[in-house]
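Provided herewith is a single structure, encoded as structure tokens, for subsequent inquiry.
All chains are identified by letter, namely A, B, C and D, in their written order; residue positions are counted from 1 within each chain.
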């Protein structure tokens, strides 16, 4: 690591007073317990909270992945003897029941979206990085911050428990469209499972809300001296916009959730029309409109799609610059495009509803706005390419994941255009084409970004670096299996192969697709198995990895001036910011980069002047 | 200020750190202890993690890749509890059934049943999903998740359907072209599979090939016969004489002649027990016929109004049950009554064997309760058909309605009009019922047709 | 330098390890609880699995055995005929009959405030005789009387079956009548007979096979209407009269006979009445054994049904 | 050694466009492609699909190649000096904002007409047939002789839809219970059926054949089994079929329906639509 030397030895490895433990010695066992709780369980330290989010979400990530495998199994070999789960259906000779399958994919999506992607980006990395990167010693509202984590637990429990209630977990899709979701009799999972689903959803919402308020306040009020808005790293910008999105979109979903709850429990009729009879059982009051839910739901959930990708974009931007040893290409355009995505994000929800019976004229307007939202994404992509152009690329594991994020995001973005084109959407709507699309954005995109971030900030979290070799093995296998699984879904969708079918092969149109699906399932199994490498590497490095310095990657942003891991209060001296976050390969200076805190430097000033 | 404090901390820390390195005890001694503790647990922790991973892998490989147990038939526990069978007696029934009818994966049937082994083979067993070629395990692909592998109408999905899926085991089928007491013909079963039962959860399988529907019908017959034999066997225990020591004779005379044959013959007899339907007068005056039908509908002769209601909305008799639900309902009553009585009795004023009897009684009631909770669906009332919707479970052809009125609906409260209502009157009722979904103004013609109330 | 760094790292590690441990554990516990929870719920009761070896053996046996039945040991055949009589009385206090809820066709069914009463336990106030006890011969070697061809009338009037319990021979025509001005239907369970009986009309039913224990007769239109029917091949069956007395003539004499006794409200299994009569070997299934001499008229005297044999 | 690693990784990224394109070439070769289209408007839809495919394909290949090239070229092991110290280029930003914007807008406007044809310009006629989604089957109602829905001469059927070719067809789409989606892959038609709404669906079929009706909106546990079949046939054949079905529905004697059954229901269609690229 040639770059490590460049950090000034004066401040290297100065140990931190980690307040809690020192107390815990004086104290009695009880006292020790209480300090233990207050420090590590009900801690108000943004880093501990961040890690709590990280571990919880990673565990749910495992659950979601296993659910996905079960789904893939049924799609590839319908009604065949299911491994492990087969024990549950011994009387059926090991085959899963269709409503169980619907439950599986519903909960796979639910877990992945509400318990993994959203909390791991905003919760884990937002919490851990925001104060560190803006030079604050903690969040604006530490208690609120703690609550935002502990409000996830009712959600964890609600979703987790719903698997075991009568009728099983929710099984009306993660979109839980009425009247399937509102009418208790319409399917097994629409009983207790659906109610618990709504409860869990509400708690996730509250948690995100608390978080977003906190992030906005912190970023606006608690920046270090000299840290102007336009010296913020992209990560922070992304987190900021995300927080704004959540603050404005979430109330709608929460309200809608309560309306659906009312429809189900006290017989109101917001979403079910007059005299709607399902399974020979009357719905509630009636007089409602199923489409209303779709509008409300997507008014949140489309912005949510950006909530699920923007922070990853931000983090990837920072990682790319660091390992390309090059300033970010077009910093301001990047910021504007993020803002643009956020703005447009509120007026494109209708493109989920082109086939829903919504007035086709509306479809036209939504098509235009949707086409337009592709623009900022394109700008970002070009800027990323511009960033690595002419760089001095260090292919660390983290960088590989970041690059793959770009590569995969291109695919996900482009396939989106098909759906945006209403006439084409007529054919591919609700087929595997859309499945491919959002898995490329959310898995191949966000998840890869998250891995990049984990490998990148791991030293800051635990003071040790992860094993590079096994990291690269993990990357390679994941990358290969991922494309094996999801790219093929495009052509599957081109045949019109519909989503959410427990067995599509009795349709003459689709019966020849089973071998392809089997192939995809093999890849999926490989992909999940690969993550064992990651898990072992992660925990192993946490204790036996090589000790990292404060700034192992020679990055510029503020967190790298703090010790690894930072103690309570983050910085051992108040950081003062003199420049933007991306001053790499500055000509005429010793070392190849200037950290944001490095004192003003003539050569740098000159170079900057020349560059602009 | 803040900055100053921080720098001070730092200095203190560095000093103490040096001290620690030099082996001196620092005033607070934090670092050293923290150090050791940190390393002790850090030594243990990865072991735990890797252990966990290993366990998961082990789980996946052993339980996962090993095949799960083959599908099995469930005993009719409700009947068994009702007949107070002892475990060894249940065992005997299970064994006899296995001998006579095989397993879900290899079904066989006594030749007396006249079932086609090839068809059974096509329908039975696990789904073998060879996509292009022929597909076996039809029953488990299309039917089992509602009707259950045993055909007891208790598949995983059953509890949520309204009405419940049919339990084949009593051998009672509602919609058929034979007299009330008779079994349905093979064609009847095919018909139901083709058209489904409108207004229930039974979908239409019209798009399956004839061969497949044929095989499935045969398999339904097989499950039904098997279930009836099971019932007969369990009931036979009550008829045993004391010298039999509570064990059924396992010879051909009893098992085949006494138990299997009657069932099998009933099914074979059905094929030529068709109701003969007299022609509806070709030159019938529809309007008049409808008027006549209305008269009968409300009158004391056909008396339809009593159950189907004055409006024909099916609200005349709303708290009646299908026979199989009545059985469960009755069982619940028995158990409740028994428990009450047992509650009143106190073991104080009993001698030893009375007390034993009492305990045995309680044990039985307790098990019965468990069986009713776990092996039976909570009874649901059956409502008379709402005749204003034009949705008729057994089909909407005039012929179907004629069958329903003529023979009633076996297993359901609907009585037969046969014998007491002359055929031409039945036709009038049919015509009237077919007019009910529409606004009928008494006269008919191209210029003023009947118009439906919007059904949906 | 190294030590300090390690100490720092170690120190902060101990800081970050616990959240990990805490979380993994809490999470695992939650899942475990979740998994355990449904286990406590009402699972289905599994019967014993079949013994497949025995099944295969039996299958072989049945396949090999020809239709010819192996000759069973001959039952001792007697000659001539005898009569059995007796009288059931109820030891307990019957209490007064509950009125039935009549909510339909009240203009007929409760004309002039007339009430219908539950008839499941009819005890004669003066003689304490217990009516409607059914008693029949389980197996008969021979029958004296041929099946009667004249119809047995089973009538219903003012929404009540006139005979609460009736017995008929298999093959004997039963004239199911309706003497009401309104329509009824008569639903005899176990026989798939459920027939619409228009006002004042009647239809004929003929039982095809024995019923074993008595079966219910109901009217779905008027749910309170209820009666019982028992059908036997040999008419060796009696329903006790209002005073509790019964008589079965022409029983085959000189051979062991086994009778089954039943009452609607009996607490015995499936309604069997079992009395404490050791000399008759009266068992828990409500059966007793007896042998009659030719032309004998055996009077069992008064058979007292204890109070707790009838459900309250 | 480091260089080898860099080459390896850049080639891995090169494999994305290569294999990506390969997939779209191999897929059709194995029938894994747009199913045969028999509708009138289908050509326009497919045309748009191919157009967008080409457009995005070019961008895809270009960007992925650039990515590969940069990784290959600017890897530190090639040690071509320090990284360029540039903060971006205003002109470039403008260029790659304007051009995509123009293209995307063009796309949006270009396809409005097709959209209008399929979903907005409804033919002025009474419904040919009413299709009602129900858990889990398609219930069909033909107007019968008087051409009016909701009269006693309506023909009621399940799952087996027959339609005439070469003429406008207007389907009145309804749902009894939950959301369904009426999807005809071979006619490029998809429309959700929403409880409480009557949604018109129209198209014109050009060729005869028997095709699948798929449910494309989750409608409960039995979603997968909600399979229907549409048969396109010439007018007279269609009429004959209607008559036969009506006769069967009005059967007053077993033999009537036997006859109808024998000649009627095609239980396993002989000519099922094969997917042709």
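The rule is short, and it goes like this: a residue touches a chain if its C-beta (ideal position, glycine included) is under 8 Å from a C-beta of that chain, and two chains touch if they have at least 3 such contacts.
Owing to the predicted nature of the structure, the values given are computational and were not obtained by experimental measurement.
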Most centrally placed chain - per-chain CA mean versus overall CA mean: B
Identity of the chain that, by mean CA position, is farthest from chain C: A
Contact-richer chain pair [A-B vs A-D]: A-D
Chain centre separation in whole Å, for chain B relative to chain A (CA means): 43
Euclidean distance of C-alpha centroids - chain C vs chain D, Å: 60
Approximate Å spacing (C-alpha centroids) for the pair chain A, chain C: 65
Intercentroid distance (Cα basis), chain D paired with chain A, Å: 31
Residue list for chain B, restricted to those that touch at least two other chains: 14, 17, 30-31, 34, 42, 45, 72, 74, 157, 201
For chain C, residues that touch 2 or more chains besides their own: 4, 6-9, 11, 13-14, 17, 20, 24
Contacts with 2+ other chains: residues of chain D: 135, 176, 221-222, 225, 227
In the complex, chain A residues that touch chain D: 97-99, 102, 171-173, 177-180, 183, 186-188, 272-274, 276-279, 289-291, 324-333, 355-357, 360-361, 363-364, 367-368, 371-372, 374-375, 378-379, 381-383, 385-386, 388-395, 400, 403-404, 406-407, 410-411, 414-415, 417-418, 420-424, 426-427, 429-431, 476, 479, 483, 487-488, 490-492, 494-496, 498-504, 506-509, 512-513, 516, 582, 584-587, 592, 607, 611-612
Chain B to chain A touching residues, read off their complex: 2-3, 6-7, 9-10, 12-14, 17, 28-31, 33-34, 42-43, 45-46, 49-50, 53, 57, 59-60, 63-65, 67-72, 74, 104-105, 126-127, 129, 131-132, 137, 140-141, 144-145, 149, 155-157, 159-163, 199-201
For the chain B and chain C complex, residues of the former touching the latter: 14, 17-18, 20-21, 30-32, 34-35, 37-39, 41-42, 45, 52, 72, 74-75, 77, 80, 84, 87, 90-91, 94-100, 110, 172, 180-181, 235, 238-239, 241-242, 250-253, 255-257, 300-303, 306-307, 317, 319-320, 323, 337-338, 341, 345, 367, 370-371, 373-375, 408, 410, 413-421
Sites on chain C touched by chain B in the complex: 3-4, 6-11, 13-14, 17, 20-21, 24, 42-52, 54-56, 58-59, 61-62, 65-67, 69-70, 104, 138, 181-183, 185-187, 189, 191-199, 201, 203-204, 208, 212, 220-221, 223, 258, 267, 269-270, 283, 285, 308, 311-312
Chain B-facing residues of chain A, complex: 14-18, 21-22, 25, 77-84, 86-87, 89-95, 97-100, 167, 185, 187-188, 191, 279-281, 503, 505, 511-512, 514, 532, 535-536, 539-540, 542-544, 569, 571-574
